[in-house]
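Across the two complexes that follow, chain A remains constant while its partner is chain B and subsequently chain C.
Now for the complex of A and B:
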């Protein structure tokens, strides 16, 4: 397939998706679970892709995602709460010290930048570490950030351990899709550039990559900062989705969830992370919800083991099964594209032809 | 003298918590020594041990419950290794670590399901939870018992590793996985034994730890688990005395920080210490220097 036709296909697909979402919003009531899943799924897709950029493409096993999301979410919230409602939000801190607010898109970018700056600073020492030491150091860093943001002395800025609220949010499901879509698009462009190839070289063999003239420290730092930038943006989006935020939300279990999404989708596959994220959110929040119903009967038999929480148990067993028996995830390290789908069907079709026609040579 | 009576409770609490971290940290450090795996599920096994105790005392007398907790925790550790780590023996290290995170997620959700998310009241173990007074500071007896018991268990463990056949096999396996296999060491049973010892110590640790705190929640194991791991890294991962010393240092520092009124930062301090150690001396206090061969 030619490059232009491929581009047209992709643009067409994205347009079709957006139109479909728009139509769905007109037809279905806005309280539908579907929209909840789609909104949260889009946000998690962005952070999963940003984590995949590190874990899947650069081979840096980082578990700091929740910390960077926290930075993004707080920056967004602090910068956008309208001046008139600051007094009520920061009621224990005399209205806080920030007495201005900036437009939403700028605040999202600012969230990303703050996360990126912190990533740069923490990356200087931490990125020298190898595999699991890096993982535990970044995890520790996320915990430190969480503790610092709950500190009373920083109250005028962060509102201590109280909720931040009243900042602008979104209603339409299109909003997170467009923002996350643009960000994921940028990551894809990065991965397909020379930098992306350098990242993959580092992942496959650090020593060989260094011998080929790739500056390890520089590229690792770059991947770490960029990944954190997008994690920060997704943190801002998450704040918009949740409508209130609190530092205690961003526990390490959040990072684990994102990591599991990346694994389910396939480490090293962008589309895999997106698909994995929607499946993960849909399963954990929606599709398995019937398992929490404690009044379920089969005939006369009361299924007493079904009660709130059972859904999560079933869900984690499914995840364990994927981790153990289906290690490559849904997509492995391949990407979903029109070309691949066409190839897949053509191959099937051809096979049939050869069987029917005896031996055919091409 | 006044200073001592004022700060003694924190120091004692620190030594006690340090001992409890040490018991957990040994599980991390031994598993890491052999499998090069951060066993993220270890903290949750510790939490499950606490929960088993909560439920066991409702149906049986205390001594029996203690035995059951130890047996069930050991069985759980053994089972987790067989079910979740053994099938991935030849997989990349990251897969095993992800599997460990999966197990941790499963155990936490299972605990959430069983407890209904409520904090469960930990039973008072007679004698251990009695109140005693030393130098004007009141504390539970467990605070005094912990360091003694910890040191005793560690001495036994070190002797076990130094002088028994299985201990020798463990040392061989942690030195060189493949060669030890060629020498006829049954690797699977050595690894299982490591998990059994780790879980046994975690079970004891949980009894001591939860006696000091009131409740067991499904996420109660996560933080002590991480801190114990930090202790293991601090002391030099793979080294048992290192893990114990690291755990005591972390426990004491943490409680001194609490005593200074910086409670918010007691967790953050532990991780800051970890990052500093990893950067300054990645092999920890007693770790051996690893050489990367190209």
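Now for the complex of A and C:
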């Protein structure tokens, strides 16, 4: 397929998706679970892709994602809470020290930039480490950031242990889709550029890459900073989705959730991370919730083992099965593309025809 | 090597969800009746069953379930409706709260009860607001929950009130001049209550030494030593029950002689079990003192003892917690609102709630213009280390 037709197909698909979402919003009530899942799924897709950029494409095993999301979320919230409601939000700190607010898009970008700056600083020493040691160092960084943000002495800025709320949020499901879509698009462009090829070279063999003239330290730093930037943006989106944020929710278990999405989707596959994210969120928050219902009947048979919490057992078993028997994840390291789908159907079609005894194709 | 740590981490993540999944909760008391045909009104129960506040959330849910067991039907607009409880677990987690709330909304509940834990209540609030569904907070004490909202009500007292009550109590009963306040970093309930206590105590002319501990801390000996060295007269520790159990043990082993003070979270048999047979002096402020309504006590004890899951959820014995009583009262407030509204429409129920008055087990309940309950007294209880039960000390109020 030619490059232009491919581009047209892609644009058409994205437009169709957005129109579908728009139509759905007109039809279904806004509190429907579908929208909850779609919103959160889009946000997690962005952070999963940003983690994939680091883990899957550059081969840097980092576990600092929750920390960078925290930075983005707090920056967003601190900068956008309307001045008039600051007194009630910062109730223990006399309204806080930040007495202005900036427009939402700027605040989202600022969130990304703060995360990126921190990533740059932490990257200077930490990126000299490899594999496990890097993972442990970044995990520690995320925990430290969380503790610092809860610190009372920083209360006038971060509101200490208390919630931040009342900042502008989005209502339409299109908002997170468009923002996350743009960000993921940028990451895809980056991966397909010379930088992206350099990242992959580093992942495959550092020494060979260095011999080819790739500046290792520079490229690793670049990947780390860019990944953190997008994690920061998705943190801001998460804050908007949740309407309130608190440092204590950005635990390491949040990083593990994102890591699970990346693994389920396929390490090194952008579309895999997106699909994985929607599936993961839908399963954990929506589809399996009926298992918590203790009044479930099949005919007259009362399923007595169903009780609140049972869904988590089932969910864990599903994840275990995926990791054990489907180790490459949904997509492996391939990407979803129109071409692949066409090829798939053409193959099927051809086979069918030959089975029917016809050699009459085209 | 990378693969190995990855697999270890994944296994850890899975194990943690598995363990969380194994926690048990009672089956809805309305078994079987709910799915029968006829008129059904759904009441949402937005409570944690897992996570940090799982234990407290379960005790609160227990009260709601008992109330539903006692009164499974309600008359709305001249017709008999069966009440069906719709229990959803918000996992004590702010990022799970919106989707848990959305589950209730899409199930079409008329009114929601909950949640234990102020953070999740605030996090779920906007989802209910958007859907126009009223919520009755049971024991969430943070002022920010109802402030500026017309759909969130609450039947308990607030942190500023509770903090002041405890500060007054410390001053009146022990003549305390110096208080040691230990709060948990990152916990809005703990730091909030600590803040109001400090304010009130300093206003009374006392001196406060404040310290915070990190999440996951299990060694409190250094804090206890420092309280002793500072020469504090009371030790105030608003915290979750898990921390409380450890703190009580270590205070006893270190021979902390000053009284331990805490808020409503400590009204739990976990504390009683930890304190039994030890030399500690524990006072808590709470919503209800067992014995306040003997008929209710006898009824709920019988129900808890007859149902093994209910008993497990109550911490393994039949001590009636203040949380359970509040859950019980909240259910009846919801029924009153439904009756007054004359329909199951959430908007009508919301409108009716403002004027609801109800004489509950925990006292008279009515709402002020913010949606908070008009409460002017809290019960102070003392842990009896010999019998393992709560002793009633005083009904403390403040001039506000």
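Heads up, the rule we're going with is that the second predicted complex is superposed on the first by the 347 of 362 C-alpha atoms of A that agree within 3 Å, B and C clash if a C-alpha of one lies under 4 Å from a C-alpha of the other, contacts with A are read in each partner's own complex, and residues count from 1 in each chain.
In this section, a contact is a pair of C-beta atoms (placed from the backbone, for glycine too) under 8 Å apart; a residue touches a chain by one contact, two chains touch by 3 or more.
These figures come from a predicted structure and were not determined experimentally.
A.B. asks: Using the superposition on chain A described above, determine whether A:260 touches chain B (first), chain C (second), both, or neither.
C.D. replies: Both partners, chain B and chain C.
A.B. asks: Regarding the shared-chain residue A:207, is it in contact with chain B (first), chain C (second), both, or neither?
C.D. replies: In the superposition, A:207 contacts chain B only.
A.B. asks: Looking at the overlay, does A:148 come into contact with chain B only (first), chain C only (second), both, or neither?
C.D. replies: So A:148 only meets chain B here.
A.B. asks: On the A-aligned overlay, A:92 touches which partner chain: chain B = first, chain C = second, or both, or neither?
C.D. replies: second
A.B. asks: Examine A:125 and indicate which partner it touches, taking first as chain B and second as chain C; both and neither are also allowed.
C.D. replies: So A:125 only meets chain B here.
A.B. asks: In the overlay, answer first, second, both or neither for which of chain B and chain C A:219 touches.
C.D. replies: neither
A.B. asks: More residues of chain A are touched by which partner: chain B or chain C?
C.D. replies: It is C that touches the greater number of chain A residues.
A.B. asks: Tell me which partner A:137 touches in the superposition: chain B (first), chain C (second), both or neither.
C.D. replies: In the superposed model, A:137 contacts chain B only, not chain C.
A.B. asks: Examine A:249 and indicate which partner it touches, taking first as chain B and second as chain C; both and neither are also allowed.
C.D. replies: second
A.B. asks: Answer with first, second, both or neither: which of chain B and chain C does A:289 touch in the superposed model?
C.D. replies: After superposing on A, A:289 lies in contact with chain C but is clear of chain B.
A.B. asks: Go through chain A and flag every residue that touches chain B in one model and chain C in the other.
C.D. replies: Shared contact residues on chain A (touching chain B in one complex, chain C in the other): 61, 131-132, 135, 147, 150-152, 253, 256, 259-260, 263, 307-310, 312-313, 315-316, 319-320, 323.
A.B. asks: What residues of chain A sit close enough to touch chain C in their complex?
C.D. replies: My answer: residues 29-33, 36-37, 40, 61, 63, 88-89, 91-92, 131-132, 135, 146-147, 150-152, 160-163, 165, 169, 238, 241-249, 253-254, 256-257, 259-260, 263, 285-286, 289, 292, 294-295, 297, 304, 307-313, 315-316, 319-320, 323.
A.B. asks: Could you please specify the touching residues of chain C with respect to chain A in the complex?
C.D. replies: Checking each residue of chain C against chain A gives 1-2, 5-7, 9-10, 12-14, 16-18, 20-28, 30-32, 34-35, 49-50, 87-89, 93-99, 102-103, 105-106, 119, 122-123, 125-127, 130-131, 143-144, 147-148, 183-188, 190-192, 195, 212, 214-215, 309.
A.B. asks: Tell me, which parts of chain A touch chain B in their complex?
C.D. replies: Per the stated touch rule, the residues are 55, 61, 125-126, 128-129, 131-133, 135-137, 139-141, 143-144, 147-148, 150-152, 207, 252-253, 256, 259-260, 263, 267, 307-310, 312-313, 315-317, 319-320, 323-324, 327.
A.B. asks: Which of the residues in chain B end up touching chain A in this complex?
C.D. replies: Chain B residues touching chain A: 36, 38, 84, 87-88, 91, 93-95, 97-99, 101-106, 108-110, 112-113, 116-117, 219, 222, 226, 229-230, 233, 264-265, 267-268, 270-272, 274-275, 278-279, 282, 294.
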